[in-house]
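Letters A, B, C and D mark the chains in the order given here, with residues in each chain numbered from 1 onward.
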């Protein structure tokens, strides 16, 4: 089992990886549920992911209250994370990002579906949440638990949801696997766009294939990528196999 | 309040950031209105933005005359800046650039509109200025106050205008916010192109959403990006919150 | 003649080049047939290509059994390599990759054909293998000799085959030439996509041109690229002309 | 006036710039006419441009014979350069490259025309040379003076010509200006592709605008880019204004 300190280092690493892999720019965030207290989660103070350091990681209640802020300013949209942890006991990690590939899908309503095996963990079809439906004209930020819960409802039992005119949310049972899904959600977006511009008869993964890939995507597999991403982000690699 | 020396360092940093973020290549420029004299502005001598140093920053009258050139050669198109400052007392910073995404919009007449929350500061609809209409066949450069004023008229009360076959101009009430708008104008261009190639029914931000996002885009938000961009441009970060 | 130790160093270099040239990400692999024993091949343990070191290179029988694993875990899909070496005595090197350009072709059924001289070594028309036809719903991985042999049958006498929803396989009579083909297969994919989006009348290389280019692509040519790629991958260049 | 040694250093720099700016990959080459003997030109031995050093620069007769090879192997396609210098006394520098943007135009027959002011030096309309017309099935390389002269004929009085299924040739009255044209030929290709996919009514530069921009593109302008490109290519900048 990983210690809390090790998990926090992993969370810092996840921030750096998401930045170096182009999944977040100066915005977007990644959290983990507290390993010792399922009613808490850990998330950086309001800072660009590529700059996040150990001392930036704050603890929050599921409602988004900082446990001990020490003067650190939290992300306005932390409610995305709390609402996902609240509704989904299986979720141990959550990412919110605005990677460029997912935006065109969210604003056209085009359904994203996995086009290659590595992208199967995004789920057979990615739902789209439109904040406008329930909340009308807003600044498009998820700034309350009511909004976070509405988004979590669209997420449902899945691992991914797009957010119209905003970005995406990705959840998972483990931090590294969640990063993996976020990286390949972006790749799937780019590949699907290209394929659909070439042909109206794109062969997506079948439902059976999607399930089989998701079932055989092992931590060994994910760690192969994680080791590589750590080096590219200039972070130490901790093997957890 | 920032000192003049601090603002000049920020202006050098803005040059480097615009280059490392791909908003300018070897051409394009960024200026600020002089903090102590609204009839003057500060702009580099004619040099690629990624190479600009403190000693390159020159002072100009709004008509574009160098106050003390010291042998430094100014940009031919400095009139873009002066005309914007002249017409718009609220404008404190101005960027002229040719980032690749904006060109196709300028030459097709396709209207750019914000597709995601971070791009809302570009305004609800970006106008296009065509130098040819008033000035006929030119070398497409803005080489006089007459041309600069005509461009400023198209800009109107907004923050952005495209220039057909040339690039864009971006203005703002603060240097860092202006850089932010220029970065996300380029992103919006790329995302809108992709979305419109996928569907004829793209959901842009509503007018209400655009206004709300613009209203809640705080200096804290912009500084989160600015800190990140400074590090990527190998420049010191000065916190002004 | 190159020694075994030199070939293993070249194989490590090939891994690094494929990563730095964007042909593999954290996944994909490259092998060579054992120079002294045609019934054996050399392939890294299960690791991201950019991280592969000399000590990672394992020896396998054509059926995919490690000769002396020393605790190292092999790639699940090593059967792609063994089956190619088994069926094609002329093949001395094999690459399996998922570079982004090839995916849209595999899932649309669009035939890839060479669009420029440097891409002629991919062959006049690239076949597509769909694992689903013979094996139904799988996790899309090539995890048995039966699957590997079926893929090798689609490859036939050629140098390349796409794999629907998965990637590609590239083979050759020499390691560096195989890397060259994999690099230009990816470039061809991108260029063909763009050209076919511009016009329905794309002029591909004629069959005669394809054959002539393939015939005159010398090791001197390939080494010009290899030297350059070595430097970019921070690996020593060994001249074998 | 620049000395021969200075011009050779500039030629090495041009090789590095073309590589770092993505205009050549491991292939492609750039030459200058000999400053003291118009019947000779200077070109690297057969080597990837990013690796070219001073000692690689060879002298050739216009027919392509090395004056003093010293065991160095020349490029097979040096006849592109010699034929251009032979036919066009005004040409002092020549580039042959395969940058990705130009390929789709060459193979679709779509006419490239300048879309923005910085691209005006490519000329009002870029011709396309198809080696197949006169020479039938070849390996698509320009391996004789007959081929080089046929290409030069298509180039005519212009600065650029595409080569179907192969690449492009760019000539100019000065090395730095020729590099400038090659860089912006590639940019024009990308922008025109995007614009034409958005609309059938793209506003290209008028003939008058093209001529005016070409007339006002000064060495000062080109040197602004050259200084920047030198730094990016890690080469010293020599100011020649």
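Of note:
One rule holds in what follows: a residue touches a chain if its C-beta (ideal position, glycine included) is under 8 Å from a C-beta of that chain, and two chains touch if they have at least 3 such contacts.
Just so it is clear, the model here is predicted, and its values are computed rather than measured.
Think of each touching pair as a link: the shortest run of links from subunit B to subunit C has 2 of them.
In this entry, subunit B maps onto subunit D through a rotation of 90 degrees when their C-alpha atoms are superposed, rounded to the nearest 5. One finds 32 Å separating the Cα centroids of subunit A and subunit C. In terms of their C-alpha centroids, the spacing between subunit A and subunit D amounts to 46 Å. For subunit D, the set of residues touching two or more other chains reads 197. Touching chain pairs in this entry, ordered by label, are A-B, A-C, B-D, C-D. In the complex of the two chains, the subunit C residues touching subunit D come out as 115-118, 187, 190-191, 194-195, 197-199, 201-206, 208-209, 212-213, 215-216, 220, 224-225, 227-229, 231-232.
Interface residues of subunit A, counted against subunit B in their complex, comprise 25-27, 46-48, 50-51, 73, 98, 100, 103-105, 107-110, 130, 132, 136-141, 164-167, 193, 196-197.
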